[in-house]
Amino acid sequence: MDRNEIKQFIAKRIGRLLHDGDVVNLGIGLPTMVANYLPEGANIFLQSENGFIMVGPAPLKEDEDMRIVNAGGQCVTILPGGVFFNSATSFGIIRGGHVDMTVLGALQVDEKGNLANWMIPGKMVPGMGGAMDLVTGAKKVTIAMEHTAKGAKKILKECTLPLTAAGQVDYIVTEMGFMEVTKDGIVLREINPEFTVEQVQDATEATLIIPEDIKEMGV
Amino acid sequence: MDRNEIKQFIAKRIGRLLHDGDVVNLGIGLPTMVANYLPEGANIFLQSENGFIMVGPAPLKEDEDMRIVNAGGQCVTILPGGVFFNSATSFGIIRGGHVDMTVLGALQVDEKGNLANWMIPGKMVPGMGGAMDLVTGAKKVTIAMEHTAKGAKKILKECTLPLTAAGQVDYIVTEMGFMEVTKDGIVLREINPEFTVEQVQDATEATLIIPEDIKEMGV
Amino acid sequence: MHMNKEIDINKAVDLIEDGMTIMVGGFLGCGNPHRLIDKLVEKGTKDLTLICNDSSFPDFGVGKLIVNKQIKKLIASHVGTNPETGRQMNAGEMEVILVPQGTLAEQVRAGGAGLGGFLTPTGVGTVVEEGKQKIEIKGIEYLLELPLKADVALIAGEAVDTYGNIVYFGATRNFNELMATAADIVIVEAEEVKQVGELDANDVVTPGIFVTYIVNGGAI
Amino acid sequence: MHMNKEIDINKAVDLIEDGMTIMVGGFLGCGNPHRLIDKLVEKGTKDLTLICNDSSFPDFGVGKLIVNKQIKKLIASHVGTNPETGRQMNAGEMEVILVPQGTLAEQVRAGGAGLGGFLTPTGVGTVVEEGKQKIEIKGIEYLLELPLKADVALIAGEAVDTYGNIVYFGATRNFNELMATAADIVIVEAEEVKQVGELDANDVVTPGIFVTYIVNGGAI
């Protein structure tokens, strides 16, 4: 798989985690691609933390309205039934547990469900934006990322970068597999048949729990 | 003065405390009558703590809309430029210092600016409603009441009833005079010429401070 | 299914079980969901904890629940307009917790917004501070007040689309907008049910994601 | 006079003095009051503390204030879209305090609503908790976050009547509604100025009592 195929593969698998009626917040980048793979016939309510619900697809160039942008600052649309609100209401929705799932990228994630995705000391300090609230408040937190970064492991025993939130991650989806963070550690629920369990473990610092009924990661 | 005249007299004096552009919350009963004596030409924004600003006069019977009531539950109107909002916003306005003056009645008020107006243990426990927030949050708190209750003194050295708020009262207006609560005690700024200073003091438990330039309480 | 939340009023009110905590929007009856309340009186569901601004009047809105002795515990800011509330309270038949109105509103909002509490100056130096943590910030004392949540919230909306987006009218909004965020099950009584897309996305006050079921009240 | 709050943009921006704390609504430039910002860049007022969700882009909205070196201290949730912010931060030329976006929104709201603070679970177990009081409520840890206020708030409104009642459009609402409650002087840049009574009392989002002055921006 090339990098684009990897991203599509990950986004597709996450799409299958969603249910009719779910309120979902998708981070920028890879997570946004999940919008292309929502379960058929299901109504998924995409929330944009800058202040609305029912994000629709990007408009045609000539229909762009700078007053309707997503959390990445890109012009989008709002679907019928969508609602605009202020940032306090938006984060009341998020922190109050009214978002069923948030999908975000990660720099590091560990077997305790800790997540680091907002800064690299001395290098990159973009700020946490809404990520800390999303990871703390959403009912389920799903990490969408490539399994390693230029060979460096990202799924660790313990994050070394400053955390975004402690113990909040539920699922990790990479091109290698679909993992669930449990109190016993990270369980490899599904594996991409292009890889062996050994290969996945070799690319992972945390010790993966391999269930007897491990499934093939279909999409 | 009969009781109605007394109330009108008090309401009129309080009307003169208001300035163009003031946001004002009037309690039920006597305080509501202040609305009839707003300074001419001034725009006073009356707030109703149940959720709107720019309370207008009662409508004709046939125009009554049960969806537009004041904090006393009576049908009123909203003036052009008025706005409806929820109770959290309403009390954000109140507690956040955006109300210039609140006018309320009192069971007791004392020389420290303490106010008791929400319960008599063992007798009457209606609840504080919005009074505690109003007295705590408004920039100026004005007490509108008859000077005594069936002969019993109400302006005390120290309140004996459960407090509505501690140290928040700014002005006390009765049929006898216009008083200001200062850190030194209660100053009788104006006196109704129908009474002597001695008579006002006799009707008051707190020791009144009588300034040299005490004025006649005009209306 | 999620997309049309309309439900029969009987089924809606049957979701409320004996002993549950309910929030009911409204202020002295204005903005009470009257049909839902009447149905709840008819059902006779009992031992309820009621969170409402007030107990209205004996024959109007939530006041009827008090008169019908369905309330075990009442959390409100004002009960003076319903003599039966005072009687039951003094007779020890019903527990009543009186809360400043602004604090009550903020507690409900905090419940819906996932806050663990908030600091308010209201009630400092009064009986309201009893049993509460006091925290001083920059020389000013505040009470730490905790959030409120409910099993079921009964909401009165003016126009409601089938997703549950709500527009309110006039002074009926009061606690409805807040309570719609703070309960596991949120039932809205709509004066008028609209199709999705009929309400302006800029004017909707309560996003439909908060609403579980809609009862079509029909125009008064 | 109180009844028509329109003022010339020069007079409005002159109210901002060197060293003041300003809040500016907007999210990556969407909902920034662009004309007020451009005028403030022109004036060159300096040593400002800026409270804004982000520092936008170098050539768009509040980002220009950073590039023009008018900001001494920035309180924001995200600065990644403006490289000049990172440069000044790393060079020690500007102090930057990064705050989770939901906490920032709530801090501004608390400032406007007279709350002494609030408890949020966001940031627990991260560097955000450094120096903050932690309070446990029912077994869950929260951070006590404090309110934010400003000397001047610069707000972008869509339709604004001469009392200052504001209606927003789309995603421009974001922090504008909150910041309009939390400053001593609130200046709103209106896309369109309306006469009193033209806006529906049920649809107005920011009551005019919060607004000090209106600058007529005219349609884009």
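By letter and in written order, the chains are A, B, C and D; residue numbering begins at 1 in each of them.
The rule we apply is simple: a contact is a pair of C-beta atoms (placed from the backbone, for glycine too) under 8 Å apart; a residue touches a chain by one contact, two chains touch by 3 or more.
All figures in this text were calculated on a predicted structure; none of them were measured in a lab.
Colleague: What is the shortest path, in steps, from chain C to chain D when you may only step between chains that touch?
Modeller: 1
Colleague: Using mean CA coordinates as chain centres, what's the chain A-chain B distance in Å?
Modeller: 55
Colleague: Could you give the separation in Å between the centres of chain A and chain D, each centre being the mean of its C-alpha atoms?
Modeller: Each chain reduced to its C-alpha mean, chain A and chain D end up 29 Å apart.
Colleague: In whole angstrom, how far does the Cα centroid of chain B sit from the Cα centroid of chain D?
Modeller: 35
Colleague: On chain A, where are the residues touching two or more other chains?
Modeller: Touching at least two other chains: 52, 78, 84-85, 88, 91, 94-95, 137.
Colleague: Got the chain C residues that touch at least 2 other chains?
Modeller: 106, 109, 113-115, 120-121, 168-170, 201-202
Colleague: Touch graph of the chains shown: is it line, ring, star, complete or other?
Modeller: Basically it's none of the tidy shapes, so other.
Colleague: So, with touch as defined above, which chain pairs make the list?
Modeller: Once each pair is checked, the touching ones are A-C, A-D, B-C, B-D, C-D.
Colleague: Please name which positions on chain B make contact with chain C in the complex.
Modeller: Its residues touching chain C are 48-52, 65-69, 71-73, 78, 84-88, 90-92, 94-95, 114, 124-133, 136-137, 162-167.
Colleague: Touching chain C in the complex: which residues of chain A?
Modeller: Residues in contact with chain C: 20-21, 23, 43, 45, 47, 52-53, 78, 80-85, 88, 91-98, 137.
Colleague: Which stretch or stretches of chain D touch chain B in the complex?
Modeller: 1-3, 109, 111-115, 161, 163, 165, 181, 196-197, 201-202, 204, 207-210
Colleague: For a test of understanding, state which residues of chain D touch chain C in their complex under the given definition.
Modeller: 106, 110, 113-121, 135, 137, 140, 142, 144, 146, 167-170, 201-203
Colleague: Which stretch or stretches of chain C touch chain B in the complex?
Modeller: 27-31, 53-54, 76-81, 86, 89, 98, 100-106, 108-109, 120-128, 158, 168-178, 205
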